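In the two complexes that follow, subunit A is the common piece, with subunit B as its partner first and subunit C second.
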Partner chain A sequence: MTAIIEARQLQKHYGGPLAVRDVSFSVTEGEFLSLLGASGSGKTTTLRMIAGLETPTAGSVLFRGQDITHVPAAQRDMRMVFQDFALFPNLTVWNNVAFGLRLKINRGRVTHEEIKTRVGRYLETVMLSGHAQKLPHQLSGGQRQRVSLARALVTDPPVVLFDEPLGSLDASMRKSMQLELKRLHRELRKTFIYVTHDQEEAMGLSDRVAVLQDGCLLQIAPPNDIYFRPNSAEVARFVGAANVLEGIVESKGDGVAVVRLAGNARVEARDNTALAAVGDSVTVMLRAEQLRLSPAAPGTDGFVARVTERLFLGEKVRYELCVHGSNTRLSALDTGDQGGFQLGDDLSVSADPRHVRIIGQSPPQRSAP
Partner chain B sequence: MRDLGSRRIAWSLGWSVIAFLYAPLLVMAVFSFNDSDFTGLPFLGFTWRWYSMLLADDRLLESVWNSVYVALGVVGLSTLFGLPAAIALDRFEFPGKRWFGRLVLLPIVLPGVITGVALLLFYMAMHLRLSLYTIMLGQGTGLMCVTITEVTARLRQMGHSVEEAARTMGANEWEVFQKVTLPGVLPALIGAMLISFSISFDEIAVTYLLTGRQNTLPMTLWSLLRREATPEVNAVSTLVIVASVLLIVFGTWLSRRGSGEPVVSPG
Partner chain C sequence: MSDATLAMGRDRRQLLLWLAPPLLWFAVFMVVPYGMLFYYSLGSTDYMTFKPGFSLVNLARVFQTEPYLSVLIKSARIGALTAIGATILAYPVAFCLAFHTRSARSKFIIYLLVIVPWWAAYLVKAYAWKTILGTSGILNAVLLNLHVISEPMTLFLYNQFSVVLTLVYIFTPFSILSIYAQLDRIPTSMLEASSNLGATTFETLTRLVIPLSLPGVVAGGIITFALATGDFIAPALVGGPDALMISNVVINLLGVAFDWPMAASIGIVVIGIGTALISVAQYLEHRAQVRY
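After this line comes the complex of A and B, so read on.
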């Protein structure tokens, strides 16, 4: 697999702290890569540097091995889809989509006939053939974003960049647009680089997810790995409902490490145990949906925690728990088969050791090697 | 529901404001058709006399054309300098940008007399002869701010992404300006042109100081009124009002069309 886009130690400085610091990654041809992070994480700035809309303070952007860091946006073979759609308000849907091709006609690279067939075909692809003569303000949010999608795809660019394209749509529209994007990516086999702050969206759509925070790239991996094998507490906290807790390794053996948490609660960890030795302070991750809950009774597995909040979420119930004898707080998701617990109930909490992961050693009391 | 009493008060207050604003104009329009040599009652009958007299008055007509000429020149000047300044202020970063922004907007708060006196001294120092062109320059420097504020506001509202989208689609800077920026700011630009035109048309403070041998309409009216308020003045004023209303209606229609908003709300 060859890299179509490569970011090498990209840095962006606006004055103040670095907006993007030393971000490096490569994207293979036809891949769907998401840049995931909270606002201010540097994901959009990174995307804009790839698009050529921002100039990096340091580092370089490569396209098929060629340095394009200082090539203007107009001469890069990429198209961008914006959160606010960025449609030309004075042009009809048809003319919006034809805009890029018409620029090519001036340079003698496309004929009128081609424009007609291609615009028609892409309007059909995004199911807007019947709206060709409308102006953008006559369309719904979802339709507008489909126009900007058609406008980006019609010139057949190898790379399409998305800057939170579904951010201004309502929840149901977002869901159907996600399906459409996934379908388009499968059918067109173009390289998509997609910026979002929605972890579900990032994991659902992409082949790989890059998690950014404070301008740093924390981890880049397939969604499955990001979810189950985060490389840091930050990634674990950002992706899915994870409980990230501090503890001390009490004993180790046979691939299982016993970690003592605050309040003398003990969990067994089987994942990534090589990282820690007995006596180390470590950070462990317990996924909220993998906690097993049962009414507390003598002889049951696990540790005791009290229900401090109960949130009914429809397909699941979220419990906020407080571990006995400490103020450690946990979230647990119950998909419905564990019985209804009430506020104030004492529960016995346990977790399958395979799903308890040691993420790393706790920074404050890093033990000697 | 509020009680009837306060509603009645609100209505009467509202209508008195309208009356206060428009009754004098209406009175003036009515008297422009009065067949009497004096502006005032009684109403002696309907006549077009004052309008035909107006059309025969070369001095008055010439001053109307002078005013139109100056106003068009002012619109040209303020667009020529205001549009690039607005784009520079919103789209580019350059050293001293904040000071530039404040400096170009300063004339809007300066009293016209000050601008006029300053320019007059300047022209005298440069040995420039006063003419319609010196008036144009004097008004244009002040009214450029209108274009800058209107267009900058529109550019802010547009955001940058439309232009960026065009750029990523391969448009060069000229194409971006011509196909995206200009159509985007056109409604605001037309609005600013209309405002500049109408302010320039009846401007008197700067004009009074900078005028040469030729007079604009407000100056001519002023000198006519100092002698006597003839119904001819009523007639020319009525025509100016009608023209202004038509201009505003046309401008509003044009800017709605340009901004992509529905001119008539869809069924």
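After this line comes the complex of A and C, so read on.
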């Protein structure tokens, strides 16, 4: 597999702290990569440097092995879908979509007939054929985003960049657009680079997810790995409802490490135990949905915690717990009905050692295992 | 009568109460003056005294007797040239202010530089041009020193050129502000989208920026045209006999000839033509206006 886009030690400095520091990754042809991070994590800046809308302070961007760091945006073979759609308000839907192709006609690279068929085809793809003569302000948010999608795709770019394209849509519209994007990516086999702050969206859509924080790339891996095998407490905290706790390795053997948490609670970890030796302070991750809860009684597995909050979320119930004898707090998600616990109940909490992962020594390290 | 109609009657009375002050203002400052203008235009004079009447003779004279019509046309031409000149000068400034001034601080400074000349009296600014363009003015002094010319040029001052120049200088801020107001609405992401789709700066300018700023250009044009056409200070100070404008004629008719009916008639014609032009321009502006 060849890299179509490569970022090499990208840096961006606006004055103040670095907005993006030493971000390197490569994207293979046809891949769907998401850049995931909170606002201010540098994900949008990274995308804009790839698009050529921002000049890196240091580092370079490669396209099919060629350095394009200083190639103007207009000459890069990639199209962007903007968060605010950035449609041209003076042009109809049809003319918005045809904009990029009309520019090519001036350069003799496309014919009028071709423009007609291609604009028609892509308007059909995004289900807007009936709205071709409308102006952007006459469309709904979802329709506008589909116009902007068609406008980007119609010129047949090998790379399509998305800057939080669904950020300004309501929840149900966002869901249906996610399906649409997934389908388009499957059908068109283009390279998609997608910026979002929504971890569920990033997980669901992409082949790989790059997690950014404070301008640093923390981890880049398939969604499954990011979720189950985060390389740092930051990634674990950001992705899904993970409990990241500090503890000391009490004993080790047979691939199982026993970690003592605050309040004398003990958990057994089977994942990534090579990282720690007996006596080390470590960070462990317990995913909220993998905690087993049962009414506390003598002889039960695990440690005791009290329910401090109960949130009914429809398909699941979220419990906020406080470990006995400490102020360690935990979240647990109950998807089946494990007993309908109430506020103030004392529960016995345990976890399958296979799902308890040692993330690193404390203070948490950045290096990948 | 039902309760509903009673309530409506009360609402209507309240509404009238609320509207009374602005209606009164409108009557005193708009309807009455225009009415008087119209009343005077229908009268005649007898040895410099006004005689009321009902004749359209004066209105007809505006179009039939020289120099009224030709001065009117000349004034409109000077107004149009001023509008064009102001637009050409204003556009780059507005563009720079809207797209190339990132920090709020430098934006404020440029804004201030545009506005500050308005703190000086109009008369002073018009006089300033007199000292620049006159035979012993700065321009002539520079050219003499550079040996471009051997004796002071009289060409710069007291003609239509100097009037247009002065008017452009004075009214350009109006154009800047109205064009800037339009350009400022264009989101940066739209320009980025254009270049992302492969457009050169020139293509982005002709396909997006200029069409989107047209309402501002037209609005600025209307203001500068209207203000310049009716101006009387610039032609009086820096314009020679050749650059006499319609307002100067009206002043002479009022204060020297005491032909108030004639002056009022010219006023009616100017207001009529002006209203028609502004209506057309406003229609065009409305047509060009886009919703984001």
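Quick notes on this one:
One rule holds in what follows: the second predicted complex is superposed on the first by the 363 of 369 C-alpha atoms of A that agree within 3 Å, B and C clash if a C-alpha of one lies under 4 Å from a C-alpha of the other, contacts with A are read in each partner's own complex, and residues count from 1 in each chain.
Keep in mind that, in the parts below, a contact is a pair of C-beta atoms (placed from the backbone, for glycine too) under 8 Å apart; a residue touches a chain by one contact, two chains touch by 3 or more.
Owing to the predicted nature of the structure, the values given are computational and were not obtained by experimental measurement.
In this superposed model built on subunit A, subunit B and subunit C take up the same space, so to speak, and clash. With both structures placed on the common chain, the touch criterion links A:135 to subunit B and to subunit C. In the superposed pair of complexes, A:51 makes contact with subunit B and with subunit C alike.
Once the two complexes are laid over each other on the shared chain, residue contacts for A:84 go to subunit B and to subunit C alike.
Residues 51, 53, 72-75, 78-80, 82-84, 86-90, 99-100, 103-104, 135-137, 148, 151, 155 of subunit A lie in contact with subunit B in one complex and with subunit C in the other.
Residues 51-53, 72-76, 78-80, 82-84, 86-90, 99-100, 103-104, 135-138, 148, 151, 155, 161 of subunit A touch subunit B in their complex.
The touching residues of subunit A, when paired with subunit C in their complex, are 51, 53, 72-75, 78-80, 82-84, 86-90, 99-100, 103-104, 106, 135-137, 148, 151, 155. Of all residues in subunit C, those touching subunit A in their complex are 187, 189-190, 192-200, 203, 207-208, 211-212, 290-292. Here subunit B touches subunit A in the complex through residues 159, 161-162, 164-172, 175, 179-180, 183-184, 258-262, 266, going by the rule given at the top.
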